[in-house]
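Below, chain A partners chain B and then partners chain C, in two separate complexes.
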Partner chain A sequence: MSNSRILPEFELLVPQSVSEAVDMAAQYGDKAAVLAGGTDLLIMLQKGSATSEYVIAMGEIEGLDYIKYGKADGLRIGALTTITRMVDNNTVKKNYPALWQACKQHSAPQIRNIATTLGNVMRASPSGDCSCALLALGAAVMLESKNGRREVPMDDFFINYGKTARKVDEIAVEIVIPPVQNGVVSSFMRMTRTNFDLSKVNVAVQLDLSGKTCNEARIAVGAVAPTTIRIKKAEALLKGVKINDALLEKIASVVSKEIKPIDDVRSTAEYRRDVSAVLVRRAIKACL
Partner chain B sequence: MKKRSITLFINGEECNITVQAHHTLVHVLRNQLNMTDVKHCCGRGECGACTVLVDDDKAPGGRKAVDACMVLAAMMDGKRITTVGGLEEDGKLHPVQQAFIDEGAVQCGFCTGGMIMKSVSILEKNPKAKEDEIRSELEGNICRCTGYVKIVDAVKKAGSWSTKR
Partner chain C sequence: MAEYSVVGHRIPKLDAREKVTGRGMYAGDLRMEGLLYGKIVRCWEYAHAKVKKIDFSDARKVPGVVKCVGSKDVTQRPYNTTIMKLLVPEVFADVFGEIADLNIFNPVVKHQGDAVCGIIAKTEEAAERAAEKVKVTYEPLPIVMTAAEAKRKDAPQFTPLKPGNLAADFPEAFFPGGAYGHNTPDGKTPAQHMKEADLVVEDTFYCPRQKQVQMENHTYIAKYDDRGRLTCWTSTQMPKPVQNLIAELFELPLTRVRIIQAPIGGAFGCRLGMIGEPHACALAMAVPGRPVKVEFLREEDWVASESRASGHIRVRAGFKKDGTPVAIDADYEVLKGGYYTHGSGPPFCTAAFMYGMYKWQAMAMRANIWFNNMVPYGAYQGYGNPENTFAVEQLVDRACNQLGLDPVEWRRKWHKGIGDDTWLKGVKFASCGLDDCIDKATKAIQWDKKKKEYAKMKGTKLRGLGLGVMQHTSGAWPMLLEYTNTIMRLNEDCTVEIMNSCSDLGTGGHTAVTQMAAEALGWPMDDVHLKCCDSDCNGFDIGAHASRTIYCVGRAVTQAATRLKQELINRAAKNLQVQPEDLAWGEDKEIYCTWDPAKHMNARRIAKESIYSFDDPATGKTIGIPGQIVVTGDDFVKHCSPPFSASCAEVEVDIETGEVKVLSFVNAHDIGKAIHPPSVEGQLEGGSQKGFGYVLTEDIYYDKNGLCLNNDFTDYKMLGPSDMPVDMKAILVESAPDPLGPFGAKSCGESALMGPIGSVANAIYDAIGIQINEAPITPERVLAAIRKNGGVKK
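Up next, the complex of A and B:
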């Protein structure tokens, strides 16, 4: 791998509309990389972990920087919406605390001013903080190609490390999150060495506490497998019961067993097993 | 395109140039426009030495701090960009610059330009920023001489001047 501050040469394509971007994606296929904020892509190109003859830079497309909320539609986040915009948005803060916390803890101010929420998902890094929150919130990604649009639930979106359900002729245009319901709460937590680092482990939880017991639970854990994953066995334990300390202990031990962490530069498998259990327990408690 | 002709408004001056598509903003500022006040350090968005201010109509003060190593120059067409060399007005240093001098918030000086630019954006957002906010907002700027205490003091001082005026 080369390791230069100078990027390799490429042909830059600057679409002025989504339909132009879609045409370019159709024409250049896997020879082209899509660039939103570029905080992942530029580094991958520098390191040589991605190579690309063409770069489709989205930055000049008008109307992709939005956060819209409707009671029927839920939340829609445009492809060019930066992390900073998410942190500054009160609807996100109030209705989707897990996502707001993930954005708040993402990187550092200068990066948050450039990086996008959707780019975080499209990178399909198992440590992606927005990815983790969005999986717990039951979000979906809207993809557009010449054949029209299709909405892929986050549950089906991550195929493998760095690989998503997006086809090469598709451009991701927005994130869609279901509307909030009374009694549905969420939280996000991550563990890093310093605030600025990528997560060693991150956890997001969404609980439906509208009744006397927990009606429904979604638990997402990141950096413990090739993709961000749900811990369905732990979710099942929460369904239809009242949450107490004994149950939380049981859930913690299920989480440690269900994940498949590795040793890497940021942490060890052993640490990740212990800490994900603790974080899941804390994230559930934060919802109560 | 391998090259793109763009217009930048750098420190108030219109600048028409042709840039290589794969060159970052920091590369063009330093190597094409000889603006060595902007430092090129990690090249990975981790250290903040190359911080500049770029137009953003939704940001407080109408501009935001970004790492110039993390954006392509070719995608900055039409943007107003402020570097540390452009902060001075009518021969008078910006309050943040003056406060860095007064507090002795400079050691080797390599991080200073980026620190000052980020500090300007902190105070444009909140002139009354307290220690906690200043520290968390400066998280993306690294000082390897580790003179953080004086840097934070300088930002507080500059903030106190601007709220008095």
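Up next, the complex of A and C:
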């Protein structure tokens, strides 16, 4: 709903460094919104679903557009790294297929060219494709404030719809994903109404198949609760066992029970319940 | 078949370059000295409410605001956005119950997005900021969304002109029993026939409220100048009717209203009649001498401009064991939206196209059209036909399945053709290429081979094939006026200027009309220019509706071309001192005498001397024949030459998720003659995108308060390029040229949209053995249907 395309008035702050951005966050606190790609924030401001007296625009900070991989450090994704850059990156494609698929399938090319990977997480939408993959991959978000940096695991990052663990004086600077281990595989799947769309359900799975049985599993499902969630009961069923069709059926029924989807304009609760189970089963199969 | 030098050739579309480069000047691109910006203040928070008070005090304080325009500051004349009364005899309009129930700014909001008042400012930003600061006090009224709610005795009444909220039905005076259709000669009705049927299939289908979603939002500039003339730049489909309606609304003679048609950035019917022209003109009249621009936002366009009709249609169809179609009987409960506009039109056409397709012994369709608090429906490509197609094509396949008949053969046997009634009783088909369409479409999709293959399919992804046929129209005679006037003027260099106010909606209409004129003249394309778009110089044309441009305008320009050539022959005959019938056309505009080739002259000389007709200083004689050649072409076509098409779709249904993927699609279209083949193919492909949307993804959703839930691209989903089937074919069938159409042409404007509707729905049926009676056929609906049936029925 909208009667205007004119942005509300706000003061635009353009920090030149992370420390300057951190100072601004400290000074303006919850009166400030942080803008990276802006593909969500600007629309929300235009439509009046978000208001802000100050906008901290990160675009001019140098050195935040990076994808670095080290065997010890894992993958580090800078705050200004667009989703398209992720799609074009072979390390991401090879080592983190769930994240690569999420980036590749996310929304539309025009948005992927502008939107940042971290921005997708910071929006804290339960349908965020990058969020879903990152949760399954056991990633963390690096936050910086005047007091220094802290790393918050994705598991603890989403508090509620649109709300994260970021404190108002913090700026999110990078995504950290643990290094890949031999035998650890991942996959991502989503359901949309058309190809260029928000997910009505998305699923990411990471399995440690380095041994004869599944050592560990992480299953993330999006758009079925106020935040992207893990299905720990299903993960537990996978741990230490050999995966077969009967187990997959059991997991599927656990998934349907563990989620709390709603009816909305994009789908129905009933449908999301049915299809999340199918997608989890298929995503696990895709890893095998 | 005749060989043509221009018609049927794959020349570049005349406006291709400006569209591709983005240099075409749409209404939104126009800039003028002293331009002001108008913003319509709309009601966003209610779908039904009384406007109690409008407070402009804060809005006036916004820097740059020039004027705040309240509902009493503009004309109080009610109007109707459509042109029905310009299209039919007045008595018809009265019997059909046409009313004027809309105001420029409305004292009662009848749907979300209804216009309440206006702001004029020096900048667009100031206008929008001020509009947000207008404080409107509303008294909410109870919401009416369904037909059942509209019918209730205590339901709020939409207009005293239509007591009981019944906006329209099929008037008894024209339709005995309130039904469109026909009984058998013995007077037996479809209901009576149904008792003799061996099989009756019946279902109620939900038809969605699809939005045109043209690329260019509605945009206007209007100016009331110092001479007291009102000019409006608009991308309307119907410049002349809009000129008439604006003149009537503001009580001005036509000499004081000028409509300049800006290039149209897509229309699909949404620019049929008036949308924002009254508001732009009213704001302009509030600031005489200054042009005012009014540009809708996408979100505004969605809730304020007309959509497709939606509702529930119950259809019963009876058959004999051998497939003989006995009777069809239907009831359509239609949701009108807040205003009458186009009230009877689309449901009438649903019935008409149901009548025109198959050889039912008897047919009846009734419609009740109920006011409610949705955006009013209006015109949208297909105009009533998608509803008919979605229901009837599925029922035919259901009956064939139950009777053990082949749906391809059934259609081949029972579709109407030459000599049968078209969509209107008494008007007989003069051409029909449907059998060829069916042959070509089924062959292209490898019907027999794949049908066998898919019947044995197992697993979670099942494939199916579906066929759907349709018939449409070329213009809407004899229901509606189809007049076109063309003026053709010969320039001094022997080129031709055509003046006609026909519209090109992006369909290639202007290119095709120019091609037909060039062909009729026998001259190259470069020698012909079509001047449209300005009511100050163009004669009457009803506008682009009912897929009429090629058919009706083509007839008028070819007639004008014939007259112009005849005048050139007459003048040459005078000059050469022979009879006109002695002359013939040679190469390069040469006119020669058939029995004495030494007697010849060139049309260029006649053209030049028609203007530069001096007296020869040596002889004192006048050179040439003075007077520029200007001819007219007039056409009141007395037919509607319906085109047919057959479409085949191949789908894959994921029975675990309900997702439907269209793998391949073929639309074979009975075009008569493709004047500009690339445009026809473009129509077929573009129309398919909207047809797929109708059957698979598109509907406007409302919450319980009648507020729109998806007035933007985030949640109104149309197929994008990557969603379209990779394997798509448009086949132009030219084996049945129409005796009335120019060069044999029939329309391919609206008709393309129907192709996917029946074929995709039937392909889904073929894949899973279950029919889905609600469009769009979403994965949610497919999965629910599979569940309800306890699995697929393969």
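FYI, the second predicted complex is superposed on the first by the 285 of 288 C-alpha atoms of A that agree within 3 Å, B and C clash if a C-alpha of one lies under 4 Å from a C-alpha of the other, contacts with A are read in each partner's own complex, and residues count from 1 in each chain.
By definition in this document, contacts are C-beta pairs under 8 Å (C-beta built on N, C-alpha and C of every residue); 3 or more make two chains touch, one makes a residue touch a chain.
In this text, all values refer to a predicted model and were calculated from it rather than measured experimentally.
In the superposition on chain A, A:247 makes contact with neither chain B nor chain C.
In the superposition on chain A, no contact is made by A:225 with either chain B or chain C. Applying the stated contact rule after C-alpha superposition, one finds that A:265 touches chain C and leaves chain B untouched. In the superposition on chain A, A:50 makes contact with neither chain B nor chain C.
Look at A:11: by the touch rule set out above, it reaches chain B but stays clear of chain C.
Once the two complexes are laid over each other on the shared chain, residue contacts for A:198 go to chain C alone; chain B is not touched. In the superposed pair of complexes, A:274 makes contact with chain C only, with no contact to chain B. In the superposed model, A:165 makes contact with neither chain B nor chain C. Within the superposed three-chain arrangement, the count of touched residues of chain A is higher for B, of the candidates chain B and chain C. Across the two superposed structures, the residue set of chain A contacted by chain B and also by chain C is 5-6, 108, 195-196. Within the complex, the chain B residues that touch chain A are 1-2, 4, 20-24, 27, 40, 43-46, 48, 51, 56, 58-59, 64-67, 69-72, 74-75, 77, 118, 121, 136-137, 139-140.
Partner chain A is touched in their complex by these residues of chain C: 41-42, 44, 125, 128-129, 131-132, 297, 299-300, 656-659, 697, 701, 707-712, 714-715, 717-720, 722-723, 778-780, 783-784.
The residues of chain A lying in touch with chain B in their complex are 5-14, 35, 37-39, 42-43, 46, 55, 57, 59-60, 84-85, 107-111, 113-114, 195-196.
Against chain C, in their complex, chain A makes its touches with residues 1-6, 108, 191, 193-198, 265-268, 270-271, 274-275, 278-279.
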